[in-house]
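After this come two complexes, each holding subunit A, first together with subunit B and then together with subunit C.
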Partner chain A sequence: MTTMHSLSSDDFLDLASARRRPNRAQLAGILLLVVIALFALFGPWLVDIDPARQQLERFLEAPSLAHPLGFDQLGRSMLARLAHGTQLSLALALVSVLSAALPGTLLGLLAAWRGGWFERVLAAIADAVLALPGLLLVLLLAAFAPGGFWPLYVGISLALWVEYFRVVRAASRILLASPHVEAARLLGFGPVHIVRRHLLPELLPRLFTLMRFGFAGAVLAMSALGFVGVGLQPPTPELGVMMIEMLPYYGEAPWLVGAPVLLLFLTLLGLLLLSPERDA
Partner chain B sequence: MTTSTVPAWGRYGRLLAQRLLQAALVALLVGTLCFFMTRMLPGDMAYRIAAGRYGYDMVTSAAADAVRLELGLDRPWLAALGDWWGRLLRLDLGVSQVTAQPVAREIAWQLGPTLRLSLLAMTFSLLIGPTLGVLAGLKPGGLLDRATLAVSTVLRALPSFLLGLVLVLVFSVKLGVLPAAGHDDHGSIMLPALTLALGMAAVSCRVARDAMVQVRGSAYFAFALTKGLNLRQALLRHGLRNVAAPVVAYLGVQLVYLVEGVVLVETIFAWPGIGHALVHAIFGRDVPMIQGTALVLGLMFVLFNALVDAACAFIDPRRRA
Partner chain C sequence: MRDHHMNQHATMPALAVDGLAVLHGERALVRDISFAIPAGGVLTLLGESGSGKSLLAQAIMGNLPPSLRCAGRVAIGGESTDAADQRSRHAGWGRRLALLPQEPWLALDPTMKVRAQVAETYELVSQPAAGRWTDGEQAQANARTRAGRALASLGLQDAAHKYPFMISGGMAQRVAFLATHAAGAPLMIIDEPTKGLDADRRGEVLALLQAAQARGMSLLCITHDIWLARALGGQLAVMRDGGLIEQGDAARVLAAPRRDYTRLLLAADPAGWPAGAGTGSESAAESAAEYAAESATGSAAAASAATVPAAEPRLIVTIDGIAKSFGRQVLFTGVDARIAAGEIVAVSGPSGSGKTTFGNIVLGLLKPDAGFVTRAAGLAPTAFQKIQQDPGAAFAPRISLRQSLRDLVKLHRLDWALLDDMLARMRLAPALLDRLPHQVSGGELQRIALARVLLMKPALIFADEPTSRLDPVTQQDVFALLTQHVRDSGCALLLVTHDEDIVRSVARRRIVLENSGAAAGAQPGG
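Up next is the complex of A and B:
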């Protein structure tokens, strides 16, 4: 189950085991993600075929050595489209996660540090965003400019920053009140030192968990919206768009719809396996 | 009990107040976004609304001017936003620009299917997930435990819209036992409900399993067995309630999945509910419908959350404090 807001306290319980060497499932997850990331990074360059180039005489051509995924219904190279689609998805996810994590973390730290009305206003805004399931927020923003890249990016980042804010604020409030931080403060260390030495080491594992979930949520939201037709539009090589475009050809060319489905599934599986959870 | 000074209704009252605040926030957020959506759409709004009301071939500039005057479309945006909120407060959702029907009437049609689908999905998920989880938790590391772990991991990595596709391929295309889409056919609710249910069961199964393992290791469970209850009795009298508490609490987290899933699953199965209507309103740039459907989905989310709160308090007396 992957959603935009799917965290539970369970996901933070394993801080101790997170520092241990990765288990087998985690290694498998890392391996999967590294392969997919390399494909996204170098795939478009290696395949070197324009994903929009149509060779109509080759439509639905079966996979061959030169073209491992064959050609789609408009005679476009499926491998090229998959490589570009993967790059697009991962890039959007990375950018939105970073644009959510940085302000979210900073605001969380500031809110915990300053307290007062500043904290209350931010907490109220965070509550307002969380009142709605994340995908609904993204859908509403996508409705502003259907088919555009920007509303997706803004929507996903807007839905995701809240998690960082809340987690960082809650954890920092406890940490700031702890004796070792108080000692550091009394010794005359400034806020930068305290955040760097005492807060960040505690926060980083949680931030990493959030980023993992956020990344999965972003990839998922983009492909889900593409799939139902309110995300990016054809002919953009986007995973969800490709799935719905290739679905009618399931009978003759199952690999066409299978390729983006498998890629999305493996990306989400890789992210899931990374969790330090018991034996998963 | 230190909280005995607070009357019982006060605790429920505070929970209720929180959820009412959440409902107000949903309305504020959805309403404001939709207001700016109308302002940012290309073309003259007065003409568009007039076209929605009177039909595209009946629009004259006089009709558009009448609409402009009536709705105050020429007024500054802040005042217009105030009006917009006022109408929302009076539950006036406006008129669909595609069907020219009042949004409220459209939604009244769609609410039933959506509620039926979500409740059936939740029921299925609670029947499948916790049952398998308890059985797996009785023998940690056993065959069932490992099998459910593998299946649940796969299901968790499979987005709802793809899971729906897989179910259609298996049950409609290969086996031909259930209809793939639609509403009228007998059993057409089964596949969309199963899609949502399996996604949720994948998680609740693991939650129940972990809770069961914990119960088995607890002193009170050991005592129940020592005093002579058999496993079945101990489970029914002491185990299940303690397994139910985390499962129901986790339901609160899963509601996000349910509501998001309803939108996607209704759309791919052509199930005539609110999620389906929302996606189609976005296609048609029908802002009143976008607002109405998003609002009702958001409020449904709040309502389900409140029900989960109540269920948590009912199952676990410690949470009533």
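Up next is the complex of A and C:
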């Protein structure tokens, strides 16, 4: 690359036009996510079957036109459960990712900006949290309110914020030492401007990448916690819980475990496609 | 092996290029290039940034970006290939032709020790008849020995077990030279070997190239350094807008250029600038007399500063006995200086003496370990501004220039018309502002940076190597604008540059920083 420096940059760039327009892969990602979001938002209302209603005589019934995903081992409509599960899982994952990303980013920025003892204390706390297995943290919290929704959410956020903190702090330290930030300071710009114009444009793509993986991690963590008996429990229609619940019936009715897996896969695929390849 | 190879083609030119063109779609970025370098000869390709010099080198190597294609013929050591068939030349990389890239310290692997990097080429690229069939370990040991010997031959034996970041820019250049040359390529393309190096290191590079030439290597040297072209001799070709406009014996072209553009290019060399050009009104003789750097070394002071000439206008900043060290490395101690409005003061000192650090302390970006920097009363907090070495790094990278400047105008409640006026005076097209910083050339960007700084009506500008990354024509242009506006606005200029010619021509006096002993860690690139 260094040998390319003196090429006149104009010759290769379709100025600006290439920057904003999403490419085909991104369009596919957007489409996928919009469909899944619509399913999560309106699915439960469209299907309009109580996900907890059991019709034991129809257990493991194969998919049909009226019931496209059939019935599960307790004769509950799989489509209804999937719709409710999607809504709950995605909302939970979104909330825990956001509640980890926001404080993590803010603390990372603050630490890089302030430096000194403030940064060292925060970094030490972050290292301590990192040393503590995330699941253990959730288990501890769950001891106070077993089966609840809040310990899960708080625990996952507490375990995840460290990633954002570390990434943001490391990147911000480099950026804050860069000539363009130095120039901005000399020109009289304050922290808000520097964060908005100089740091965030560089940080957001990385944060977005972290959030995508964090999103998947949150869904999987919830199912793992469900499996060990804390957090959400089987009657609740939630993707992770459903995967574990349906796993024993893989031989007879693979579509049952397949449906939540496929939905999670498509969600992640959509998120991955969304990323501009150059910034990933 | 090499000697054999070279004898075989002794009568053939080492490199012959015939009608070479580089095309982007229908547009020719480089066109109709023909020249021949005899075995053991040297051709220097001179031209400003963006003239297509590096593209030409990439085309000869067969390493153009995919969006470009080339036409014409390229003959290496007598073996002629269709220029468009770039792959056919890849097999010769390292063995028949080699490329020493720009800023080679960036091309070295930072995680690998110096000797290992050179040995790698001996082991993997060069295939000596005897070494070919030996087992891996023996070949490795053999390569290590040869690399050690090669390093020692260039005086680099102490660097063998260091990492690239631990050695100086000049040493890194020699290491990169060895690594690219280890496989015995008789033809070397060298891209801007002296870019960003100070006078001592330029001398080292020249010695290296001359030694290589003496051993029978043919060189194609791409540069905008006229001093280097003069020193290398051989043939000289001048490139402009993708074409060769003048070609011939180096001494002849430099002494009696036929084309106006060549004359312009030669005149832009700082060595040719008139002394005291930047000080305007004074006559050259007068400024030369005033210029002499006084070395009034204080009792405890290892560094010294010139005294202020009498009857200066308003004092802008007073510097009292400042000192700074990083860890155990003492940069300077006890520096005193006073800078008045309208002065142009150079900061000089050897590489690593803390010239940039000194400027940053004056700006208030860093705190000195001892001493004080006192600004004149009544100056705005933004009265001290800086022009950075790399203009490409001085703007928020993902924000359009217009947005950056709009933010500035809004912050200080300025008038955009003022900026338009400033840009016009810097000869910048307003449409440039709609681009991102990396989409604008270095010279243009540095002028935008200058406009941005002048918009703040500064009392002092600290220019840190403002043109070291620009070619001579652009450099002269930027300096002319810089000094003119400094003069017009009556602000002071504190200038750091490694180029003595520029100091001589522009500055009235200087502040000399001297290393006061203590482990001087070499910094690549000065």
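By our rule, the second predicted complex is superposed on the first by the 200 of 280 C-alpha atoms of A that agree within 3 Å, B and C clash if a C-alpha of one lies under 4 Å from a C-alpha of the other, contacts with A are read in each partner's own complex, and residues count from 1 in each chain.
Operating definition for what follows: a residue touches a chain if its C-beta (ideal position, glycine included) is under 8 Å from a C-beta of that chain, and two chains touch if they have at least 3 such contacts.
All values reported here derive from a predicted model rather than from experimental measurement.
Engineer: Once the shared chain is lined up, is A:180 touching subunit B (first), subunit C (second), both, or neither of them?
Structural biologist: A:180 sits against subunit C, while subunit B stays out of touch.
Engineer: Please indicate which partner A:135 is in contact with in the superposed arrangement: first for subunit B, second for subunit C, both, or neither.
Structural biologist: In the superposition, A:135 touches subunit B alone.
Engineer: Report for A:201: first if it touches subunit B alone, second if subunit C alone, otherwise both or neither.
Structural biologist: Touch partner of A:201: subunit C, not subunit B.
Engineer: Contact-wise, after the overlay, does A:188 reach subunit B, subunit C, both or neither (first, second, both, neither)?
Structural biologist: A:188 contacts subunit C only, not subunit B.
Engineer: Tell me which touches more residues of subunit A here: subunit C or subunit B.
Structural biologist: Of subunit B and subunit C, the partner in contact with more residues of subunit A is B.
Engineer: So which positions on subunit A get touched by both subunit B and subunit C?
Structural biologist: Touching subunit B in the first complex and subunit C in the second, residues 2-8 of subunit A appear in both lists.
Engineer: Show which residues of subunit A lie in contact with subunit B when the two form their complex.
Structural biologist: 1-8, 127-129, 131-137, 139-144, 146, 220, 223-224, 227-230, 243, 247, 250, 261, 264-265, 268-269, 272-273, 279-280
Engineer: Would you pull the subunit A residues touching subunit C in the complex into a rising list?
Structural biologist: 2-13, 15-16, 178-180, 182-189, 193, 197-198, 201-202
Engineer: Looking at the complex, which residues from subunit C come into contact with subunit A?
Structural biologist: That would be residues 24, 27, 29, 49-50, 53-55, 57-58, 65, 67, 99, 101-103, 106-107, 191-192, 363, 365, 381-382, 384-386, 388-390, 393-399, 403-404, 407-408, 411-412, 434-435, 438-441, 449, 452, 456 of subunit C.
Engineer: Which subunit B residues qualify as touching subunit A in the complex?
Structural biologist: Touch residues, subunit B against subunit A: 21-23, 25-26, 28-30, 33-34, 36-37, 40, 149, 153-162, 165, 169, 199-200, 202-203, 250, 253-257, 259-260, 263-264, 267-268, 278-279, 281-283, 285, 287, 290, 294, 297-298, 301-302.
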